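Dropping the structures in below, format is structure tokens.
Paired with subunit B in one complex and with subunit C in the other, subunit A is shared by the two complexes that follow.
After this line comes the complex of A and B, so read on.
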């Protein structure tokens, strides 16, 4: 193994772009490769693992199912971005079809298309992990060095005043009138250009996603990256990982080549939906693989204001309300978020015909709040033989939290001066005065296709813990039942975080990479 | 048209996402059989009632994926859902809404396409008996068509689903066209227009300045 300091002195970093082997580069029908470590997925978990292991001298190979899209090719058109950068072209949904599960599917994964929001794991979540899952090694103190590393590496800093867009300023005032705690987000961004197009990828490379940070750094240390490469199975012999096999498929869906990688270590970092699916196809792990899925089911609560807001202008995410974050105080977070015209026409049901036209005419006067709850791990990811299924219904235990978060969001809008707040339901429901909040929101019931929900944060489908009967992985991220397979993505989280998980995933991936032997 | 096949596919997937519920085929069959059952009760009357003047109307040459009845359903749905005449919004005639929908429908995977088709047929024909309009959706006047949508928005799961699917196909197809953006001051892509400089990759971290976390020793291959 090479000395780390020597390697850093000698590595070369491209100023822009990333060397990626794509489907268009493959000329043979079969690829046979080998590595010290093969990493499945190039998002938050995969990229951090790749860098940390490559800089220690290991021969690292990263396989990404999605395409490599250089920043300059980002279009800032959300409908186009869904096709090129998102899982299932942005149409990934639960089996009931009322919860859209948005995940990145490109080199860099969800870090390319997220809103840059950067939270450390809340202290009370670590306490929960300690109490309920025996994870005594995870404390705010023990994880502090990991958080500090990734925060410095990704330029994570609190939004400055010019990064608080009009929607965030207006809603901050609403929260202050109610006496609620409201704070600027921390984000992983350098010199934000305030385009508002975070969800379509940051065209000018200001978002410090894996595409412009850990992946180029890993490549500089010798890591190889293959895009368009779908891993079908993890291969094992005598209870040990020996590699993976899969297919190279181009952007039109054409099967270009088969691929087999020989490697004694496999790191699963394909995300909380794909990681358990690959393990199930491989027949690996215990019966906990795929179970305990959580996802922060969210509402986007939109409202019309008397003054222009232009919710697509400025930094997409400015402030959040943490007044209710602790489970004892409600267990939800309110995040002020901008959005574009395509999203605006799909999130609310203002009524048919003229009411809808009037609603869209008022698009410049709209602002919105995203609700996040600390949901229970009631879902399950299953490979059904020829397709995946996300079994997740909002549980009756979580429905009160969802309604409480909705009522709080409506109250905040009204305090900020909103004229009408639209409820995220299949029927046209809205609130124009505080006295009507309970009556209107209480019309909502927990049944399929009644609520319009989005998940940005799938988690927990291969959770870690000390009890083999209730966890898929041990506290070091090792998959139970097989040697040499590690999980280093949001699948590991034993309970939902309540806050945006990217920083937790970075830190956990670094933690797991440190324990790879 | 300004959209690309890629964006059509994305928008189609998004608009059809609620169809995941309908894809539970048993439920869809039940709903279809329920409608058929009512038709049987109505006897031969149903066959007469479900005839429509649009059945004899042509479909434009460029339409490739929508069936004749689906084309007319979406054409009528766009009129009902987007009554923009008399507003500052871009006129419906200037946006090829149904052509966009046709392209999007063509992008759906086969199993989803089949379910969408069944759901659309249900939506159109169920108007004969649902609400006792005695006519298909395509023949309802504006007020009745609006009431029909609204009733489905509060109906059973399949009704709520089809209400959402049809609306989302129509809405996305209209608002994705850049011609619709100026009236609502939507800026669209801005980085190139604003001339924003590219920052490139972040420089390699200075490991000597970072907290160290105690990695295990690990053997590389010989």
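After this line comes the complex of A and C, so read on.
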């Protein structure tokens, strides 16, 4: 065991910050550690598992690839935050390059940079899980205690009137005019300060991310956390997990040390892109590992209004339209979301040269809607020998609901009084009146680099189910084919959720942790 | 106009997979620190950048002029006041070697791509109107062209508007927590059960 391997036993929880072993703390070239449980990743799944297991008295070690950035160091500059807090500096994309797959890469994972929206798993999704994957133990009733626990722990509550920013008020009015059901979001936030910089991390610890909740709680129960530590492989002997190995790499990319951990239990919580990659590199699991990837491909549909909106002011996410949520009614959700200047540059193509400058000058008059669809699990994550590949193309099956969500977003903008709605495509297309919606949107075709899509919700690449031929994990989160390896992150979801997944991931991680023996 | 039928001269070195990885440039485009306009200049007044070749800097400067004619709108100049190209230079300095190579290839192709349909001229030698037409043709062109153009467009625009000197023109407030003096809450209390 090396110089830094001493256990950090915090008897009391610090009022702020977190005890983390970072690359800068390591002075030897090789670290040899041991634990009862090693957890790969410190995001939604990893942090909840760490706390639940540490509080049971297990010796827990969390290994996180990203850096430890304390809240006070967040800059509220999205361009800088992409560099420090996001996977691949915010440039993680599918192989076609037309779908940006955003994921946090820091202590606390995506929960540090997410928008705080908190939904329980919809009932009809549980029904789908029963029907298609044999997951009869998962019902709204059986999962209710898990949801309640998470909601209480993370101060999840419905937005109050002052948390409905101007963009959300204007668009709520549009939805009401159309007779559509529109509701305030629930969010995991305490005393929101309305700064509007959620995606750059919350500087004052109001967002109840893993960084300020489950991770400090786990540490208080003795869990050790190492940042800058990327796990490459899970080690096994005679069909049983015996630990992991990886590298400590500092923020400049310098390889500081190799690390090897001996542990009889390994919990995979590196997120739906990295968890299957690590398993493939380790040669573990069946041929379902990496398959069935879904991601809620989203559009950000921006529009210009006659009156100033200032989309960066106030709580970032205020209301959503659930009118079309059920697959029988369209299978999509519309969420009203604020945004900053960098995002405005990226989402639309209003025309080149003068039209673009004019569009940007109108930034204070812009508002936007994020569309989420219940996509089929058509993607695949693959380790290609020297890099990961996200194979995901919008399927022809999902294209109609993508277009239906877009048309509904345009309609809602126009009903709310927008002057021009920009279509999220690589060419300059926009709509100014209701009668033109179909004609303009129908110009969009499902071909690479035509649509501008973003995913905030990678899921499903190691899905659970009862049939080994169609699932990578069993209904308790155990990886098939090897003892002692559990999956406790968004990879586990058997089908895409349609709603924002963090609460489902927290609840499932708690469920899996309760079953770790 | 649509140049879908342009010959693919100049695209040969670009394998599909290699090009697709250029998608990472879009992300990289967002991550440069803000630079200043200072720096060395050649005798004919061209700026010299540490991480961009002379040709790359010329292509990016010309592209910035074409994409962002900001002065006409009373905004800080995209090539004079705001160091858009210097910001891209900083970005290039931080890139992983593989991504940097891709950026070089993208710029090389972009400079030479107009040769077939624009009187065999390079991009930097086209007049304003032709240059704009070329960019638009790329935006509605083939899969490769659309991707390449989206990447460059995003890189230029983000590296202009990320600079706080452009914010007053948009009534954008930037970071606020410090200005507002928002109190920190620290870690959440441990749950009781």
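Observations on the model:
Quick note on the criterion: the second predicted complex is superposed on the first by the 506 of 517 C-alpha atoms of A that agree within 3 Å, B and C clash if a C-alpha of one lies under 4 Å from a C-alpha of the other, contacts with A are read in each partner's own complex, and residues count from 1 in each chain.
Criterion: a contact is a pair of C-beta atoms (placed from the backbone, for glycine too) under 8 Å apart; a residue touches a chain by one contact, two chains touch by 3 or more.
The model shown is predicted, which means the values in this text are computed figures rather than measured ones.
Following the overlay on subunit A, a clash is recorded for the pair subunit B and subunit C. When the two structures are aligned on the shared chain, A:341 is found in touch with subunit B and with subunit C.
Once the two complexes are laid over each other on the shared chain, residue contacts for A:516 go to subunit B alone; subunit C is not touched. In the superposed model, B is the one of subunit B and subunit C that contacts more residues of subunit A.
Within the superposed three-chain model, A:57 lies in touch with subunit B and out of touch with subunit C [touch as defined at top]. In the superposition on chain A, contact of A:146 is made with subunit B only, not with subunit C. Once chain A of one complex is fitted onto chain A of the other, the partner contacts of A:220 extend to both subunit B and subunit C. In the superposition on chain A, A:204 makes contact with both subunit B and subunit C. Of the two partner chains, subunit B and subunit C are each touched by A:16.
In the superposition on chain A, the residues of subunit A touched by subunit B in one structure and by subunit C in the other are 13-18, 71-72, 75-77, 79-80, 82-83, 86, 88-98, 100, 152-153, 155, 190-191, 193, 195-197, 203-206, 208, 212-213, 216-217, 220, 308, 310, 312-313, 340-342, 344-346, 349, 352-354, 356-357, 360-361, 363-364, 426-428, 447-450.
The touching residues of subunit A, when paired with subunit B in their complex, are 1, 4-5, 8, 11, 13-18, 34, 36, 52-53, 55-59, 71-72, 75-77, 79-84, 86, 88-98, 100, 144-146, 148-149, 152-153, 155, 190-191, 193, 195-197, 203-206, 208, 212-213, 216-217, 220, 308, 310, 312-313, 340-342, 344-346, 349, 351-354, 356-357, 360-361, 363-364, 426-428, 447-450, 510-511, 513-517. For subunit B in complex with subunit A, the residues that touch the partner chain are 3-4, 6-7, 9-14, 16-24, 80-84, 87-89, 142, 146, 149-150, 153-154, 157, 160-161, 163-164, 167-168, 171-172, 174-176, 180-181, 183-192, 194, 196-205, 207-221. Residues of subunit A touching subunit C in their complex: 13-18, 71-72, 75-80, 82-83, 86, 88-98, 100, 152-155, 190-191, 193, 195-197, 203-206, 208, 212-213, 216-217, 220, 253, 308, 310, 312-313, 340-342, 344-346, 349, 352-354, 356-358, 360-361, 363-364, 426-428, 447-450, 452.
Remark: subunit C residues 17, 19-28, 30-33, 66-70, 72-73, 75, 94, 96, 132, 135-136, 139-140, 143, 146-147, 149-150, 153-154, 157-158, 161-162, 166-167, 169-177, 180, 182-188, 190-191 touch subunit A in the complex.
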